[in-house]
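Please read the structure below before turning to the comments.
The letters A, B and C name the chains in turn, as written, and every chain counts its residues from 1.
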């Protein structure tokens, strides 16, 4: 074989490689095998991580599940770590569902409005700025929103909204008082409002993507029919984008369900039903945060873990529902799927 | 029948509603940023960056107090988390992208997407059971593991997407000159995708750095700097998000101010990191 | 009669084409133009529905079409032909003010519809687009709407909601578009469940439902198979008894088959226009002849 000093001028490196191929084949094969094994192992660890989460949460919560029964635990209404040592997760389930769904309802139209505005009306430079600001909302850490909520939003809501409504109800409509609850400022309403703000970016982002991908022919066809700008959006754009709108909403719902710190800092931490509008409440993540560090008895800890497992299941269901529903309602290539 | 006037009026009304909604959504963000800066700037002094927190009496008696241990703890825990998460996340991303026909891939993708949607607090609970319980104490290591659990699904997804955007012809070119497959991935594909890989890593890091819930039951928190740097890993350590939470719910006003100051630092960090990621994305395009 | 023409044209080479006498009698329409040599008499018997005077459209600094003056005769088919990028689509879109939606597009000159300039400042383009409808190259049914809802979409825009009226208009429009018999039993199924040719006829029905006087068609059959193309060409022959049609086609045989007048565009200029048979048998301009004989484009 040629020695290095005798190789020809053009393509010498490749020629050298080619000439050396027979002995290096084993080296290559071994390297590839090792690489493949390492990579597959790392990929598999994702599955392991997911499985571990399910197994560990269930395992740690099993003490509680065995004590109260799975459905007994989930539907139990007493959460009493001090006296009765009886744990039921229903208050937190209700708290999570109510705050998350209400937050989604509050944020839905504004979020879509922002998406429509940036996609259809705003000039490019403005749309870019708004986009970045919306992304920033999602990027701000939950604890930062929490501290602002504690010292700024909650007192303001109490003074500007809750107390006036409460005093009005006291005089004009006392029947409402039990539903309104204690207008302290830290409670279900404040937590819901903050949640609504925090989940806007997800609906907005996916809606905007969906709007932008509506084919120009659809818009032109509506225009040619004599539609005004808003009519084009309502008739051709939004229906076509409904898959993205749905996906964004469910993504927002998923975030709301799992949102922990801001809610824990603002919801007032009351573990017993019934919850009122202004009054204190609790969600699954908030009770874990509030009680975990102080939980001493194994049954208490196990119950908190059991709540973690329930949260896991609910987040899982929402995720799977998201994938299914989005596919079902999407419009791709002019065909309703 | 609707007249043209009615339709035009409705168009105008809708446009105004859209503008108003946008303002309503963006206004709180602006207000939050202003409040954080205004309330926290006064506590960002020399002491803040050099003193430990100590007991509440320090603050109440006006003695020097600060969050140096928190800042250092955050750096240690976050960087270790990144070190743990990068191989796993990138490895998974490489598998999904470079070995697309592997039968585990659909399961990996579904699991990864699910993990991405899981609340961070659950990842903290997992790290608690896996690390804190056997170790017998809260630790920086447990905190890093918890944050790594947060980072891994994000890194896996962004890596897959960054690598998949590299055209197949680059791999063919590498194979054609005789490179083994592993060299093709590491030496040609990944460098070509470096923008996407770096951006994805930045995003994962910024997201994890803002999480407090997983740290509450893993690194737990510490009012003091550990004696030995190893103490950061083996014992409880303070981190910014978790400390911010504790300061905010405490009853001491000076601690509240320091909480605002910590909020400034966290806010600055996420703005810079996400901003860099966006800038890099635009550079590439 | 229609099939006779089609059987003739599909077998003859591009040039020269069939004689005029048969085509005039066969279409059986109210056209009075019978002479092949384009005498002055023709014009006085034809009513002008739309016309453009010195129409120029610019995209920024590029000129799309330049000083185009062309009459569009009532209840006749005008075909616009020419190589790609010659300005046919630009011209067509000026007729229903679609350029209003294009950033940076400027329109000068005038476009008269029934004598009035549609670009006058007090004219609302939305109204124009009801009177001048448009069908595009790609069939665009609204995929989330049923066939019925697709057809009556334009009516609902102006606030007509009474189902008796909508039912009646829907049936009329679908019959005009020769689609009614095929879909009358499934009006509620989604618009996207139809075949390509049916979807295009649905788009035509939708445009016809608002009773426009003029229908603009931008290469309506170029994405369809030959059978669907034939059906739509048949449709055009019937439709022109009620509606004035302007059609863009890159297929010269199609232009010869369906149109009464033809206009040839080249790089933004109107090179020649006139009765179809004259243009194809005795074109006045060399460029026209070269294009028709296939020397370019």
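Throughout what follows, a contact is a pair of C-beta atoms (placed from the backbone, for glycine too) under 8 Å apart; a residue touches a chain by one contact, two chains touch by 3 or more.
In this text the structure is predicted, and so the values were computed from the model without any measurement.
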Exercise for the section: Look at all chain centres (mean of CA atoms) and spot the one farthest from the centre of chain B. Expected result: C
Completion exercise
One chain's C-alpha mean falls closest to the whole-protein C-alpha mean, and that chain is A
Practice task
Go ahead and note the Å separation of the Cα centroids belonging to chain A and chain B.
Solution key: 15
Practice task
Indicate the whole-number Å distance between the mean C-alpha point of chain B and the mean C-alpha point of chain C.
Solution key: 58
Exercise for the section: Could you please state the distance in Å, as a whole number, between where the Cα atoms of chain A are centred and where those of chain C are centred? Expected result: 51
Completion exercise
For chain A, residue numbers touching 2 or more other chains are 228, 231
Fill in the blank from the handout: The positions of chain C in contact with two or more other chains are 126-127, 157-158
Handout entry: Contacts with 2+ other chains: residues of chain B
Key = 7
Practice task
Could you pull out which chain A residues touch chain C in their complex?
Solution key: 215, 217-218, 220-228, 231, 235-236, 239-240, 242, 331, 334-336
Completion exercise
Touching chain A in the complex, chain C uses residues 96, 98, 101, 126-127, 129-130, 133-134, 136, 138, 140-145, 153-154, 157-158, 190, 192, 203, 206-207, 210
Exercise for the section: Flag every residue of chain C that touches chain B in the complex, lowest number first. Expected result: 124, 126-127, 157-160
Completion exercise
Per the touch rule, the chain A residues reaching chain B in their complex are 13-14, 17-18, 21, 24, 27-29, 31-32, 34-36, 38-47, 49-50, 52-53, 56-57, 60, 109-111, 113-114, 116-118, 121, 130, 132-137, 139-148, 150-152, 197, 200, 204, 228-231, 251, 254, 257-261, 265, 285, 288-289, 292-293, 305, 308, 311-312, 315-316, 318-319, 323
Problem - Of chain B, residues touching chain C in the complex - result: 1-2, 4, 6-7
